[in-house]
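Here subunit A shows up in two complexes: once beside subunit B, once beside subunit C.
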Partner chain A sequence: MYKLKFLQITNYGLLLAVLAAFTFAFTNQTIVFAQGPTPTDDEVNRIAKQLYCPVCESTPLDVCPTEACRQWRDLIRTMLTEGKSEAEIKQYFVAQYGARVLAEPPNRLVTYLVPAVAILLGAFMLFRGFQMWMKPSITETDAADVKPAQDPYIARLEEELKKQK
Partner chain B sequence: MTESSIPAPRRGVPIWAQIVVWVFLVGLLAIVALGLRRAQQGTVQPGQVIDNFTLPLYSGYELDGKSEIHLEDLRGKVVVLNFWASWCKPCEQEAAELQQAWTEYEPTGQVVFLGIDYVDTEPEARVYLKKFGITYANGPDLATRISQYFRIKGVPETYFIDKDGVLQYVQVGPFTSIDQIHAQIDPLLK
Partner chain C sequence: MIANFGYGVLFITFLVTLYSVFAAIYGDRKQIPAMVESARRAMLLTWPLLTLTAGVLIYLLVNNHYEVQFVYEVTSRSMPTYLKITAWWGGQAGSLLFWSWLMSAFASLVTLRKWDRDREFLPWVIVVACITMAFFIGMNVFFENPFAQLYQTFDGVAAHTLRPADGVLFTPEDGRGLNPLLRHPGMVIHPPMLYLGFVSFVIPYAFAIAALITGRTDDRWIRLTRRWTLWAWLFLSFGLVLGGRWAYDVLGWGGYWGWDPVEIAAFMPWLTGTAFLHSVMIQEKRGMLKHWNMPLVILTYDLVIFGTFLTRSGVLSSVHAFAQSAIGPLFFAFIGLTLITSVALIIYRWNSLRSETQMTSLLSREALFLLNNLLFMSILVVCFWGVIFPLISELFTGQKVTVGPPFYERATSPLFATLLLLMGVAPLSAWGHSTVKTLGRAIWKPTALALVVTIVLFATYTQKVGALIGFFLIALVILVTIYEYWRGAYARQRSQGENVFTALWNLTGRNRRRYGGYIIHISMMLMAVGILGIEIFQMETQGTLKQGESLSVANYELRYKEIAQWDDLPSGVNYRRAVLDVYEGGEYLGQLAPRIDYYYDSQQNMTIPGNRSTMRDDLYVLLVDWEPVAATGATFKIYVNPLVNWLWLGSLLFLAGVVIAAWPEKEAERVAVKARARVQQQTSAAD
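After this line comes the complex of A and B, so read on.
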């Protein structure tokens, strides 16, 4: 009798333990889903390579070995985990550290207009310059039209040359 | 033969084009010169009146309950500006001395310490502040505007501004003892 009761209690205990384990596992799983999956290094670096830390100029964030850049990459990972988009993350970094952290300048008209105008202007001036260098100062037809005799100096020069022959 | 003897009419680049080229070249040289000059200038020099700036403060590190500080509001007090970062190892060398100095001067009400966090991330900055038990006002240098104004060369750097808003001393690199901090603040209180 006692043995049977003991077995019943043990069974209830086991059942409760299994239920508790399921509840614990389910709760933990729920928390993981709420936070979102941890971003991979590739996902972090996809954004990091578009940023430059002001401390290590000329080194993209994804390959920069300094402590400051490691912290920045960790921050990107945290923000991705929080569900922030690429644009939101870049916007945050610009607000915190200025537009100079961006690998590509902000999409402003003047940023692209000034170089384009400078290149076009330079090309036009080069074209004009080459055009002038290539153009003969006087055409052969023009030269043929000039009568040597009209110039007394040339006439005399040619006369002297004839005499020497 | 006769061709070469005929004087060719002189034709050159139009005058407007010449002006454009020269203006462009002079402008380019001016930009390069300004950049070089700025690079050689070093930090802001003592004797200069420091312009007003605004420093937002981390929550928990406000000054008199204010979440941001305007330098001009601190006229009449000695201001100690310390640029630091959590990734900066030399900053750790002076962190304890700065905090000790702050606890000594805070009761006088005549000195304000401001920590300016340079190119840092807030979570790491908070870990650093907690680790060294720092209690004076601290905030991020948003868009590095303040550090650019002071033309800092790195961190740590500390600027001592007198009661009239004039910069009196610049410490480049960490303090090695609290006496160094006293030596700069005490004369400004007289």
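After this line comes the complex of A and C, so read on.
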């Protein structure tokens, strides 16, 4: 059930491969090969790990087995060879395919702010709840009766421990 | 013909569930017990009817009836019979039927219990269970018919429930075959477990709604469903773990959890379910939180429906996919309707849900349980937001975004850490009243010991701050739990003269819920060790090797020995298997053989890792790529996953813990009443 769509994308994969090849071919960048030492797979994966192709949902690029993703990795390798930085490479993919290639939405503030506010609101409500519950109400509480309500099991346990001491 | 018969039975079942709903409501309103009884019997009929429907579908699957679209899509001639049967839940239409079938089994089980003391709940439990079933069966009947057949018409081949006027039945020679990922044994058990968890959460919800409608809002509904909830939780938890194990074994990305929306969809009802399991204890013990338990169980129910929908369709990935899906809007309408109705009922009964007692201390057990609930709900908020944010972003800004693991990990890790801290503190606090002094007295010893453990780990294992905080909290929880066991066993040893083992055995046996719960806590900590290991210490490397060359990671060295490729024609699979020699610090440890299996029928690859697993770490190797032309070179990806085995070990202990906690206690209530009476006597004597 997890990642069911993982491999159901062969056709899209092919399409994307062609697309990737075209977009790269028609950009204004000059492809210069072998300017520096060939980057290792680990260097490529370090960047690929942070990217997602638009087809293989929820599968980071470094582990995606489709042909299209392999070509994207090759593209990263080529760009690294050209001396492009990590930020430049990511920017290139965002420019070509949109922000969805990144592992996180670009507008971090909104992404994190909404759950943070919701959680703080929950915490505040709980705090208010505590205040309300702890305020002794005249009708319900007889002050003389406020006694630590013990868990009967713990009470027995403590009792037995006390006896033995 | 047989397919039409299956569809006919399914349609009749749909009508029976509707009848059951109306008969139950009518019988209750008009006070006609015979009508309610008729509704009950109608509901009991759904299970045999759905079993018959499922039997027909399995017959079609096993006997290669490829004229049936569902059979064509999920099976092929080369698949073994057991896989053809489990293909039942390998596609959307079949898994919806599977859901209904399990639901009917649970509904029948509930209806067969003795209802003498709770007769007024019965019609409403029937109504809720049957409305849920009617919805799922209706999905099958009107939108996702597993018995739809392929017909050749002038417009081409298409699936139809009934034969079109100019249509001729079309039978393909072979089916497309099940997605190879679903042919793994883990996938055979994982969906049923998850679905069992899903459907059994409908039962507590049904009782909660019955309690709201009848006005019997005391804790009776909670007591009646306590065990159901525990079993539901067990199935759901185990379903999640099995899913993780399957991902680890089959998906080939070196991990077990990828924060995928589909995973999160199954995780969300688990979060609310776990919060519910804790908070019902407050209602039972202290008569508090009645307002809170209701929304919690309602939320769990709706998240179950949401989860079922999401796991099967994945349509939340895009607004367009959602709008185009026939069942998407219906699922949301159903969730909306049940949510609105349930909330309206809570508002209607608001006054009768008031707490019976006051909260007396912020450090009391009930206060800490509330904090636990806040944390679970906070994790839920993060998860829910992460799942729907791409949709919201696309809807409002037109920008498609991905919310991946970095968001979830960053947002949930402080929440999980606080949850661990709470797990360490809460068992030591008392119901009703606790002070810093009483709590401090109980906790200082385990804390000191946990610090010692952390210092030892700092000196011998890691200097990473995040890991050390994690290990400290894990040690604290384990030590506190052991301390609690020791206290109980010590008391028994002294008072009953039992030896340690008998004392522990009897202690657990006499209070299964408490001590089963503690075992679950310890098991969670073992799992946390595994999670911490892979999250913080995972190492990986990748490289292309020629025969005889090697690749190193951590202290391991892997030497590429050979590769072979062959066809297994009866199974329709092509295997590519590489062999690597493994050395650690120069010492030969053995061989690992990662594979790529290619399935001809579905034209899909499966990456099977070679894995060497110890309690210290897993050495996990993948064959990433292989060029047949340059047959001497192959690319491998190697992960070292420290401590991950503790996760699986913890899940086994977890199983034991839940079974202990959920095991029926003989005359439990009588014993509890006696104990309470004894304590009261002692208290009054002391006064």
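Rule of thumb we're sticking to: the second predicted complex is superposed on the first by the 89 of 165 C-alpha atoms of A that agree within 3 Å, B and C clash if a C-alpha of one lies under 4 Å from a C-alpha of the other, contacts with A are read in each partner's own complex, and residues count from 1 in each chain.
Operating definition for what follows: a residue touches a chain if its C-beta (ideal position, glycine included) is under 8 Å from a C-beta of that chain, and two chains touch if they have at least 3 such contacts.
Source: prediction; values computed, not measured.
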{"item": "Subunit B versus subunit C as contact partner of A:Gly98, first or second or both or neither", "value": "both"}
{"item": "Touched partner set for A:Glu57, first subunit B, second subunit C, both or neither", "value": "second"}
{"item": "Which superposed partner A:Pro37 touches (first subunit B, second subunit C, both, neither)", "value": "neither"}
{"item": "Which superposed partner A:Glu67 touches (first subunit B, second subunit C, both, neither)", "value": "first"}
{"item": "Partner chain in contact with A:Phe130 - subunit B first, subunit C second, else both or neither", "value": "second"}
{"item": "When both partners are placed on the shared chain, which of subunit B and subunit C touches more of subunit A", "value": "C"}
{"item": "Overlapping contact positions on subunit A, where the subunit C interface meets the subunit B interface", "value": "54, 70, 98-99, 118, 129, 137, 140, 146, 148, 151, 154"}
{"item": "Residues of subunit A touching subunit B in the complex", "value": "53-55, 66-68, 70-72, 74-75, 78, 94-99, 118, 121, 125, 128-129, 132, 137-138, 140, 142-143, 146, 148, 151, 154"}
{"item": "Parts of subunit A lying in touch with subunit C, wherever the complex brings them together", "value": "1-8, 10, 40-42, 45, 52, 54, 57-60, 63, 65, 70, 98-106, 111-112, 114-115, 118-119, 122-123, 126, 129-130, 133-134, 136-137, 140-141, 146, 148-157, 159-161, 163-164"}
{"item": "Interfacial residue positions of subunit B with respect to subunit A in the complex", "value": "2-3, 5-6, 8-9, 11-14, 17, 20-21, 24, 85-87, 119-121, 123-124, 140, 142-145"}
{"item": "Contact footprint of subunit A on subunit C as seen in their complex", "value": "179-182, 187, 190-191, 194, 243, 246-247, 251-254, 258-263, 266, 285-286, 288, 311, 314, 317, 355, 357-360, 362, 365, 367, 370-371, 374, 377-378, 381-382, 385, 389-390, 393, 399-407, 410-411, 430-433, 487-488, 490-491, 494-495, 511, 514, 540-544, 603-607, 624-625, 635, 637, 672, 675-676, 678-679, 682-683"}
